Amino acid sequence: METTLNYISILGSFVLAISGALTAMSKRFDPFGVLIVAFATAVGGGTVRDMLLSGKSAFWLEQTSYIHFILAGTIFAIVFKSRLFHINRPLLFFDAIGLALYTVTGVQIGLQYELASVNCVILGTITGVFGGILRDILVNEVPVIFKKEVYATVCILGSILYLLLHRIQLPTVILQTVPVLFIIILRLLVIQFNISLPSLYADEREARRNNKKL
Amino acid sequence: METTLNYISILGSFVLAISGALTAMSKRFDPFGVLIVAFATAVGGGTVRDMLLSGKSAFWLEQTSYIHFILAGTIFAIVFKSRLFHINRPLLFFDAIGLALYTVTGVQIGLQYELASVNCVILGTITGVFGGILRDILVNEVPVIFKKEVYATVCILGSILYLLLHRIQLPTVILQTVPVLFIIILRLLVIQFNISLPSLYADEREARRNNKKL
Amino acid sequence: METTLNYISILGSFVLAISGALTAMSKRFDPFGVLIVAFATAVGGGTVRDMLLSGKSAFWLEQTSYIHFILAGTIFAIVFKSRLFHINRPLLFFDAIGLALYTVTGVQIGLQYELASVNCVILGTITGVFGGILRDILVNEVPVIFKKEVYATVCILGSILYLLLHRIQLPTVILQTVPVLFIIILRLLVIQFNISLPSLYADEREARRNNKKL
């Protein structure tokens, strides 16, 4: 199961690389700019997670298959760019799978390091969402996950579910399958019904005035 | 004293979380976007400091009370947002306290790792200011501390003062209280009299032309 | 040779600090904002590299001469700003030297940690280019290296050359000199003939529409 998860997680990096590459291409980056953004999108979340933990090198330094899949994803995105910009449903499906796998990996590493529950949830969420945040910082945009459809919330709920199932000591196969499926399905429902949290709107002029002083 | 500092430092994270949350709300982020920015603002400085040091996990992975206070700060900011955007004096006061405590913690960890003085000053400054830098990067703004009132300078001066007092081997209570008070008072004076360093203005068109080539 | 490389690498930090300081001045940052951007530009690449590796503190925490040279570079840039904005050829020359030295250092550390070849190339590239990326993120611009002349590509090719020479077990002096010269010359040719990779242009409106959904 461990290795199955691992394989699917590598597939997740393939999909996230495509997402990063498409964003970079839409910003007219050159090929190596595209590759760097794809790389940061695909490994960003797990890398930040590993940096936070002492005694842990970035995961892709130990398992190079990630890099091959990122290269493959980037080339795939470059070759099929015109088609990929049209069909986005399949991409969103894979993105949801990547998100689910990454989140669960993050929680598992938190448990392995015997961290508090709240920290496991945070590590799961960081692993799931930080790649997309880095992608948007690199192309100089406000991270899309802060505003659009429910995204981080799905990771947080999925992480909490994992911890609950872990506490009642379910067999490993259920423990790993259920939260992954939960995140995928929840994320697909969010996309399907275009669910978004209300923005905590505050009067912008006043806010800005205040921020200046702060 | 150690623990007193620790408690007040946790309070600092509460205030910085409010600052992050207010900024994110003024950008119309959704609730979890607000939480993520609040979190990054509150722990960003110390986390970057801990990443720089080998063998040190991020401090909030070991002491979860920070996270509870950040959650509390975020919820507080969301609930009282309309009032908080009006009264900003009290916030600035707490922000100065947070800044002072964070800076001193950074210098202390540098001394503990037996780093050179200049590195202790840098760690102190990073711990103090990097949360605000991250906050502004996440909302896609030029970090406010680079342009507005004296901010990093206060950390640098406070860090140097700490090192000087440390060298003449003052009792711990003075060693920790004086730089903290120094930073708070200096920062409040800066706000009160609206002191800012002159920008090193360079002709913008030429600068830009040059940067393009560089 | 090791120490020669080290000395020149410190000189590289001097030049990168100038580049960072000039960019920050063109954005009208205050003096300490300028210093922080100069610092991030000069040590950013190597620092990210060191964060990725477990058991490695940031290099400038162990060797403070870097910091003195960055301070010197920043002061130099502030004092001679009006002239520096005019003459940029010499700067680009030093920038190329810094890039070459940094890249080679990154690859060497990868080999020292017995990483896979592809990871050595990545570490070399990160060390070479990440300072410039951080500089542009801090001043809230799209990183220039993603769009303008060939930059990251030069690091990648130089890193691969180093690994090839390393595999055929050439004497150390050749192993270290050839890739450094290769990167410097290639980079200068790129500047001289204004070589840039074609952007992988994709229709922007469609791209944006797609990204929103993603």
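We call the chains A, B and C, going by the order they appear; numbering starts again at 1 in every chain.
Quick note on the criterion: a contact is a pair of C-beta atoms (placed from the backbone, for glycine too) under 8 Å apart; a residue touches a chain by one contact, two chains touch by 3 or more.
Note that the structure is a prediction, hence the values are computed from the model and not measured.
Taken as a graph of touching chains, this assembly is fully connected, with contact between every pair of chains.
Interface note: subunit A and subunit B, two copies of one sequence, contact each other through mostly non-matching residue numbers (shared numbers fall below half of all numbers used).
Distance between chain centres (mean CA atoms), subunit A to subunit B: 28 Å. Touching of two or more other chains is recorded for residues 51, 54-55, 137, 140 of subunit C.
Subunit C contributes residues 51-55, 113, 115-116, 118-119, 122, 129, 133, 137, 140-143, 145-147, 150-153, 156, 196-204, 206-208, 210-214 to its touches with subunit A in the complex.
The part of subunit C that touches subunit B in the complex is made up of residues 19, 22-37, 39, 47, 50-51, 54-58, 60-61, 64, 67-68, 78, 81-82, 84-86, 88, 91-92, 95, 137-140, 144, 148, 191.
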